[in-house]
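The two complexes that follow have chain A in common; it is paired with chain B in the first and with chain C in the second.
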Partner chain A sequence: MLYKRYIEIGRVCFIRLGDDVGKSAVVVDLVDQKHLMVDGPGGLGRKVVRLNQVALTDIKINIPRGCKTKTVRTALAKEGVEAKLAATSLVKKFAAKNAKAQLGDFARFKNRVAKTASNRKIRSTVRKLKKSS
Partner chain B sequence: MAHTSRNTTLPGGVPKLSRSAVYKKRALYKRKKVATVPAVKEAALTKTKTVAGEKNGGTRVVAVQKSPRFYPTEDSKTPLKNRRVIKPTKLRTTIVPGSVVILLAGSHRGKRVVVLKQLPSGLLLVTGPYKINGVPLRRVDQTYVIATSTKVDLPALPAIGDEIFKRKGKPTKNEKEMFVDNAGDNSYKISAEKVALQKEIDALVVPAVKKVDMLQSYLRSRFTLTKGQFPHEMQF
Partner chain C sequence: MKFKCAELKEFEIVGRPLPKGDEKMPVYKMTIFAPDEIVAKSRFWYFLRQLKKVRKVNGEILRMTEMSNSSPTKIKNFGIWVRYDSRSGSHNMYREYRDVSRTGAITQCYRDMAARHRARPHSIQIMKIETVKAADTKRPVIKQMHDSKIKFPLPHRILKFNKKSIFVADRPSTMQ
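Take a look at the complex of A and B:
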């Protein structure tokens, strides 16, 4: 099998480009070869997105094609999708990237100092191990 | 009792009610105030003066205010009064006394520095502190500075103005001295007063800096851009 995650009705996806970056949504319908109709919790609502704006997750829920937003929301709550999403690497990586971008100059400095210190330790331990072997 | 305007303004800046309509609405026919004009004391234009000398008639009627000796040939318009109020430059909201700031120009470019206050001239008064990174008490324009979100809790500092930064003017050359090689050293020398003031300020600011973990080493380091870093995308 070349692909593991398929675009299908009920596939939970993560929006990686555009205005709604970082939000997750469920595929509700297919518009054409390049567009999906998604519906997401919170401020996203129902929206048409391009295929390349979206990254697929492993999570899939059972919903009929083109169902109402209310149905989508109840199905998401029933499956506990929010908790599953928080565990996905896509969401975690996005959150980490965001947090890094929001760092101030002082925080960046502290991180850099900590990184050089840890790198130094790692290198010295590796060198010691090489010597002893 | 006071009320808001009894008239409204329509779009276009036109008042809705005319002057007479407003008069009626305010019932000013009932409330006419007759102002009692105080009687104007007419100032005397002339006075009589006693004149010495037998043949001079004893008294003379003289104008109280002498007419001017000179009249301009044409009446010139008086220029409008200058009502300008000079205020110091509006300081960026991100810059506050105690905020750490990155200098972008000058010999100290890239250095992270503490803002002490805004001077009446509008410039920022800034110091390394000198003990930490070698930046003395210096004036800096806020446009040549990146404000970071880091703030130092500063204690009460002595009052400093723009006066200590004023430089003495160049000595005017005498005609005799023009051909003499001016061997005098006109380069800038730091006054003892400034050195003392710097020590005083450092004694107050450095302990405040040391209270925050790693802040001293942060102020010692210079700001640099590495690959992939773009200032317009970075949060300071």
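Take a look at the complex of A and C:
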């Protein structure tokens, strides 16, 4: 099949825009072509989100349409979605981006110094190899 | 006039003509969708004046309550009966919307009427709004969402454009 990720009941999504950035949620129902009803663990709860606020993951769970929050939570736990999500590149990238944003000035300085040192080493090694060849 | 707000609010307004002496005055109740209380009261008198011989000067509002959403996590199909003035006359319409709340559906209706018929809010009258069962809906746009195994992909997904990368070496992937 050409398309692997569908907007469907049970699709696990990652919220990339809006108030709940970084949270993951399950599609529980569809309002219309541009809005989803999602339910997520933690502080998200059950709410309507726009399609463009959401990024799809490869994970899909089996839940009936419009089911209760409790059903969603038990299904999520049964399929071990949290672990699968932590392995997705979306979540990893978001976590990395967040960590970088939280860095203090000193941490950023340390990173810059380390980067300069490693770049210098790489360039000198490349130059040596070029000379020898 | 209206629509500075994100979503309209639903008000239930009860008013009556002022009693002259001891006579009992009839009491009228209206459901008004408006951005705030002030506009709601204004629209209440506007409609009441059209229907009955009572004006704001000769009347009083007995009660005004903002109606809250009964089930904010349940998606409903709303049928809305509208009367609106076009450039050449007045027409009735029946429109359907899917939303989580009555106010959401009415807000959609106003936006939709403005978009499709260039109808301004002042020329739109909401006659009735009802929750409609999925089997009784008429519009195909609404009916298409009533599939229990509904699914669709996001082909050629263009997310918010990153202005830092107007020119790139390789064509970006729009696969989701």
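Some observations on this one:
Basically, the second predicted complex is superposed on the first by the 131 of 133 C-alpha atoms of A that agree within 3 Å, B and C clash if a C-alpha of one lies under 4 Å from a C-alpha of the other, contacts with A are read in each partner's own complex, and residues count from 1 in each chain.
Simple rule for what comes next: a contact is a pair of C-beta atoms (placed from the backbone, for glycine too) under 8 Å apart; a residue touches a chain by one contact, two chains touch by 3 or more.
Predicted model, so just to flag it, every value in this text is computed and none were measured.
On the superposed chain A, the positions of chain B and chain C stay apart, so the two partners fit side by side.
When the two complexes are overlaid on their common chain A, residue A:119 makes contact with neither chain B nor chain C. With both structures placed on the common chain, the touch criterion links A:48 to chain C but leaves chain B unconnected. Look at A:37: by the touch rule set out above, it reaches chain C but stays clear of chain B. Of the two partner chains, chain B is the only one touched by A:103; chain C is not. Looking at the shared chain after the overlay, A:74 reaches neither chain B nor chain C. Between chain B and chain C, the partner in contact with more residues of chain A is C.
For the pair chain B and chain C, the model built by superposing on chain A gives 10 Å as the shortest CA-CA distance.
Chain B meets chain A in the complex at residues 100, 102, 112, 148-150, 214-215, 217-218, 221, 223, 233-236. Contact residues on chain A toward chain C in their complex (touch as defined above): 3, 5-9, 17, 29-32, 37, 46-48, 51-52, 55-56, 65-66.
By the touch rule above, chain A contacts chain B in their complex via residues 101-106, 109-110, 113. Partner chain A is touched in their complex by these residues of chain C: 73-75, 98-100, 141, 145, 148-155, 159-160, 175-176.
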